Amino acid sequence: MSRVDDAAGAAGGEGARQSGRRMLRRTPDGVKPDVWLMTLFFPAWYAVFGVIICLLTRVTPPPRPDVTAADKVAFFTQHHLTIQIGFTLLLILLGGAAMTNGLVGYQMKRMSVGSVFAYGYIGGMSVGALPGFLLVTVCFLTAAFRPDRDPALISLLYDLGMLSYNGSLGCFTAAYLVLAVAILYDKNNVFPKWFSYVSIWQIITEVIATQMFVFASGPFSWNGSIAFWLAVVVFSVWLGALIVLLRGAARQEPVTAPALA
Amino acid sequence: MDTTGSASGQRAATWAWLTLVVITIGSWWLSPAHSGGTALPSAPITAVVLLLAIIKSRLIIRYFMEVRDAPRWLRHSTDAWLAVLFAAIFVIYLI
Amino acid sequence: MQILEDVQDTPRAGNIKAQWVSLWTGPVVGVVLLLAALAFPGFRPPMSPTMSADQVASFYADHTAWIRFSQATFNLCGILILPFFTVIVVQMKRMKNQSHVFAYCYLTAVVSGATIFALSNVFFLVAAFRTDRSPELIMLLNDLAWIVLIAPVGMVVSQFVLLALAVYFDDPTDPVFPRWVGHFSLFTAAAMVPAAGAAVFHTGPLAWDGLLSFWLRNGAFAVFVIVMFFVLRTALHRQAVEDRVVAA
Amino acid sequence: MTLTARPEQRRDEHVPGDNDMWVMVLGDMIIFAGYFIVFMIYRSMHAREFLAAQEHLDVNIGVVNTVILLTSSWFVVRAVTAARAGRSAQAIRLVYGGGLGGVLFMALKGYEWVAKIRAGHGNSEMFYSFYYVVTGVHLIHVLIGLIVLGTVVRELRNPGRRRATVVESGAIYWHMVDLLWVIIFALFYVMR
């Protein structure tokens, strides 16, 4: 950022804040309106996402891995319409994932440890959107696109979709790791230290999730009690905590704080 | 920091460690690997093993993690964890 | 843009120069991609989703060379459009008294969106790699290629929405971009949305060869890049003047 | 038990370490409890198969590893006492002793894994699939514990810091690794 901006930033600041206020009247006092907007968007997006994956597309809780090709065709026939509605919606709304991750990256940039971890988080999560969300969307929509395809190919799309969705581990592990390390080193107390430990649990669940590439049934399969259900519990704790902590972090940042470089 | 209290705490921890080692070596004889390839399920042995595991866990929690000097919520939550976990394990075992 | 001689080697001049170069990659890469698009037989007209497996297979067999040439060009040059969008990020970060949270979200969306685009040409190229494969498999690869190319609009939609939000939250007394850029960006976002239907419909305007999914989506994106080139050029010139890198 | 503390020994109640570390430890204990309970459910569904597989586990290694880990925990207990008394050099040596125990544990565990895989006990057997996952996750905790002990040493080396809570928190994490192993030992090696 240039010197001139810094000088003008202080002078023209009030105008921008006012226009921001107009955008979002209910921003609490002392909170940056644009940050608050994204902070409110965060749980809203995950709520919509939850509805899409749980109620419409039926990928969570996951369909069984240990079924025949005919059963998989039947799965796509039975949920044909909701899969198409849900995943088409997700195609449009997928960018919300980038927005929520960008918000976390923004808060990480406010930490005393500088930008390196924030960029690591943004990088890991941006890459993760492809195998983690997009591939299952495309696979399931392609399967539903021509239900009369050879059942072996439908089965392939089913496995490819589910394994990429549940089994894309590294991108998220990298993001959780840099988040955990950043919180531990941070002196600005953007997030409390215990949240770093919760992120470490997330890494452990990703490690266990490697087993879903090995087992088609049992506790370590992609719908298994350990590889899936325990991981979902940990993820819910992580996500719930993050929603609350992002609000705290937004409130904690002074509205007059200069923009991040 | 109160060094005399620490010293006695350390002595207690040392006793706890000794007890833990003795129990561990004792469990050696109970294990199925010593049955000469014909291990049979045994509820009494399992009960003993689980009891010993509870004692060991509690020794570690109380004396190593120093929970015995901790506020009540921590003492109670660790005890509750032990109780629920081992009760669940034994009940599932019996079913 | 004529950089003043006495600031030639300063960091702020370097910043302007870097943005200037990145900005100009936009039209250059744009022309290359346009040529690639014209060279792709499947775009003249766009292949229909109603083609049978045998028709798709013989299409790949008949046009193998051009498909390979054009899609390899997309593969090689598609992501070169990224520096153009990073200029937008840098300009968003100049907006006053904003936290720049939108800029970081925008950057995340740009990276993800580009990654998705990079995938589609791989499917096209694999389909053209062995044209003697079973037609069912070629059709599967072709479906995946088209759906990945056209339907995943989420990342670009959120880019345009974020740019619009950033413009609306900008300081109205001294904005980086004029306010109409926000409206234009929202309009482009809206023009992208129907293309998501390409993963469902076989015929009509929402099919991947349809008026909305193919022509409106890609047309709006191209218009956005062209318009933003001029908007960014103006914004960059203003920054250069403010930073006293060029004469006013 | 003969080890109940006499009332006059009780110092003022205080949370050892800090609350953040207790979130980690209690949460991890709950997560592991989940693994143990799922293990027990599958074990009771395939009791005979599990017991037969258990017989092939080398209880000697199990016992030695348990004693190693208990002893390393005992070193860390003494390190905390030394740190509180201001004997930082001794505390550092004791933490190194504890860390050495962790390294030995990992080495023996690695040997045990290799031996089991060579003997044909891969994860196609249900018992061994649990064994590899649970002991593997535990090994990751040992590894994290070694990193934690490293931060404790760094804290003790710096004369300007040496905060008791940091040393205590690290110790609590290390004891949790021990605690979880003791239960793994009972469920995988000994019960029948």
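We call the chains A, B, C and D, going by the order they appear; numbering starts again at 1 in every chain.
Please note the rule applied: a residue touches a chain if its C-beta (ideal position, glycine included) is under 8 Å from a C-beta of that chain, and two chains touch if they have at least 3 such contacts.
Predicted model, so just to flag it, every value in this text is computed and none were measured.
Chain centres here are Cα means. That of chain A falls 40 Å from that of chain B. Distance from the chain B centre to the chain C centre is 62 Å, each centre being the mean of its Cα atoms. One simple way to say how far apart two chains are is to compare their mean CA positions; for chain B and chain D this gives 13 Å. One finds 23 Å separating the Cα centroids of chain A and chain C. In chain D, the residues that touch at least two other chains are 41.
For chain B, no residue reaches two or more other chains under the stated contact definition.
Taken together, the touching pairs link the chains end to end in a line with two free ends.
A list of each chain pair in contact follows: A-C, A-D, B-D. Against chain B, in their complex, chain D makes its touches with residues 1-3, 5, 9-11, 13-16, 22, 25-26, 29-30, 33, 36-37, 40-41, 43-44, 47-48, 51-52, 54-60, 62-63, 66-67, 70-71, 73-74, 76-78, 81, 84-85, 164, 168, 171-172, 175-176, 178-179, 182-183, 185-187, 189-192. Against chain A, in their complex, chain D makes its touches with residues 18-21, 23-24, 27-28, 31, 34-35, 38, 41-42, 123, 126, 129-130, 133, 136-137, 140, 144.
Considering their complex, residues 1-3, 5-10, 12-17, 19-21, 24-25, 27-28, 30-35, 37, 39-42, 45-46, 49-50, 52-53, 55-57, 59-61, 63-72, 74, 77-78, 81, 84-85, 88-89, 92-93, 95 of chain B touch chain D.
Considering their complex, residues 12, 15, 49, 93-102, 104-109, 111-113, 115-116, 119, 136-137, 139-140, 143-144, 147-148, 151-159, 161-162, 165-166, 168-174, 193, 196-197, 199-200, 202, 239, 242-243 of chain C touch chain A. Across the complex, chain A meets chain C through its residues 1-2, 4-5, 8-9, 12-13, 15-17, 19-20, 23, 32-35, 37-38, 84, 87-99, 101-103, 105-106, 109, 118, 122-123, 125-127, 129-130, 134, 137-139, 141-142, 144-146, 149-150, 153, 157, 253, 257, 259-260.
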